[in-house]
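Next come the structures, one after another.
The same subunit A turns up in both complexes below, where it pairs with subunit B and then with subunit C.
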Partner chain A sequence: MKTRIHITPILWTALLVILTGSSAIAQQSAIHQRLLLHVPELNALSVPARLLPLDQSEAKEAAAKLLWTSNGSEKKITVAKQTPHPAGVRITVRDVDHHASEGRSVELTGETDIDLLYGLQRSAGACVIEFSLLSAFPASAPPVLILYTVTNS
Partner chain B sequence: MKKIFALSTIAMLSAAFSSASFAQATATQNVTLAVNTVYKIATSGNPGPLTITTGTAGVDALDAVTDNSTTYSITQNFGNTVKITAHMDAALPAGYQLSLGLASTKGTSAGTVDISNATSGSAVDVVTGIQRGADAGQTITYTFSASATAGPLASTSKIVTLTLTN
Partner chain C sequence: MKHALFILIFFACASLVPPSARSQTDNHTVRVSVAAITALQVSSGTVNLSITGADVIAGQDLMTATDETTTLLWGTNSSGKKVTVQTSLTSPTYTLKIEALSPTQGSSAGQIILSSTPRDFLLNIGRSSGSCTIRYIGEALASQGVGADAHTITFTVANQ
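Let's look at the complex of A and B:
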């Protein structure tokens, strides 16, 4: 019985110390903020906005770099000649990061969209595109305007 | 004899009144004063939607968006080792990053801290060494970024918890 009398106050003291210590450690205040995050499908294309040095008389090749970024799935890049012109233009793709379309060559004869790069999957990449004339351009020919489009495959 | 009696009466009355005028009572009270530990943190509200709207062709990292429209205020009297931690209700998927920066004049801001994977069990310090006192209207800056490889993210609600603690 004596032993019990001595131990009980010690236990209570220890418990009090523990509770006091826990209380000090647990002191805190919290606040919440609600955020709304959203990433829609995004597509970006870039080509140099300049006239390429395409030699009209010799149909010499000229090169430009085409860059793309898309976070969508199953995308392709199409090309179309926007300026009506009797002469055809050939576009050849090389040095492409997305190897599925490397070496692809398309001929732009009209304003219809033609697949240039395809099978793009959530990626960013670049390729060199080369132009060549299929027939001689008249000296007075206007610039050829080419439209690139990212669209669903 | 009558004269002596009268004088004695006057003397006694005078003594009695005099004693009454000097009488006083004193009471004491024990007042216990205490200031408990105070921790308070509040924000001005919720930030606006963080929507990534553009990217640069040829670059996988889409253009990050930032919101610094909200502020926080704190009051604490605990000590000079108080800090603010931050965590989210759930981690972000791979390829998305949410960073948080809290300005501070009473402590040391950790700058822009990635909280994309900070959950309740792994909260990260955003301000440390906060001294006793109050710090009001400090700017909260959120930066949300994503890669093209990660793909689109449907509108997602996230809860960020700021905790003032020792």
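Let's look at the complex of A and C:
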């Protein structure tokens, strides 16, 4: 008398055990974490010298360093007098880490924004800005407040 | 009928025998098998790391942001183990560094730059359970512009 052994269910069971076991081990010895590193448009400006003395007797009374960082495209730096002031100021840019605006000179007479540095493209740099007076003003006058802005070209 | 009566008498007599006279012994073997077990877990599956204006210094090209909000936990009953780390991104735009801070077991491999090749993250964690803080440092240059890198970071327990 022959005994029949149904081998197919046994094989399927063995395969299931092997697959289940190996999968569990793999899940335990490694793990994943998702990380999104997001870099938006960022702009920064700095003028380390906050208060510059202006002497009316000198052609170039004061100089300061202007630093910038921008990861945006097609940017410029504008300059304006933030508060009404009787004196006009000439600003000349030199020693620029950027090729576009070397030797540019602008005159600030009102509160309108004027382009000082332009064509900035994903860069960090520095330049020297020189100030001279366009007209005399009383020594008792308040400081000239100048505003620098990074904006789109 | 005779048989049934006999069986009934047999069991009735057997029930009168004291338990000590009926006791038997037997044994079987129990084998406790402990396979190599490794477990890893992160306290959060997702990290958002964003460079903000506070991370930018005028005049400097490099901008950095740091995240230390997540923890890695592990357990292993095998000796000579370490944890490696790698990212799924083969060519990320920005640099992403990682470091294990204050591991309760083993030692940190220090600050490393993540790449698609596994790098050592924790060393000598054998036969222990422990945890460490995960420090991520994202670095972007102004010259690299605006954008985002989506990493899938894999921590793996490996032989040392």
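Keep this in mind: the second predicted complex is superposed on the first by the 119 of 153 C-alpha atoms of A that agree within 3 Å, B and C clash if a C-alpha of one lies under 4 Å from a C-alpha of the other, contacts with A are read in each partner's own complex, and residues count from 1 in each chain.
By our rule, a contact is a pair of C-beta atoms (placed from the backbone, for glycine too) under 8 Å apart; a residue touches a chain by one contact, two chains touch by 3 or more.
The shown structure was predicted, so the numbers you read here are calculated from the model rather than taken from an experiment.
Chemist: Does the subunit A-based superposition show subunit B and subunit C clashing or fitting?
Modeler: clash
Chemist: Answer with first, second, both or neither: which of subunit B and subunit C does A:S29 touch in the superposed model?
Modeler: After superposition on chain A, A:S29 lies in contact with both partners, subunit B and subunit C.
Chemist: State whether A:A44 touches subunit B only (first), subunit C only (second), both chains, or neither.
Modeler: both
Chemist: So which bits of subunit A does subunit B touch that subunit C touches too?
Modeler: Common interface on subunit A, subunit B vs subunit C: 25, 28-42, 44-46, 67-73, 122-126.
Chemist: In the complex formed with subunit B, which residues of subunit A make contact?
Modeler: Going by the criterion above, the answer is residues 24-25, 27-42, 44-46, 67-73, 122-126.
Chemist: Hey, which residues of subunit A end up touching subunit C in the complex?
Modeler: Within the complex, subunit A touches subunit C at residues 25, 28-46, 67-73, 122-126.
Chemist: Under the touch definition given earlier, write down the residues of subunit B that touch subunit A in their complex.
Modeler: 37, 39-43, 45-60, 62, 70, 72, 78, 92, 96, 98, 140, 142, 144, 146-166
Chemist: Could you please specify the touching residues of subunit C with respect to subunit A in the complex?
Modeler: So the residues of subunit C touching subunit A come out as 37-42, 44-53, 55-61, 63, 65, 70, 92, 94, 96, 134, 136, 138, 140-157.
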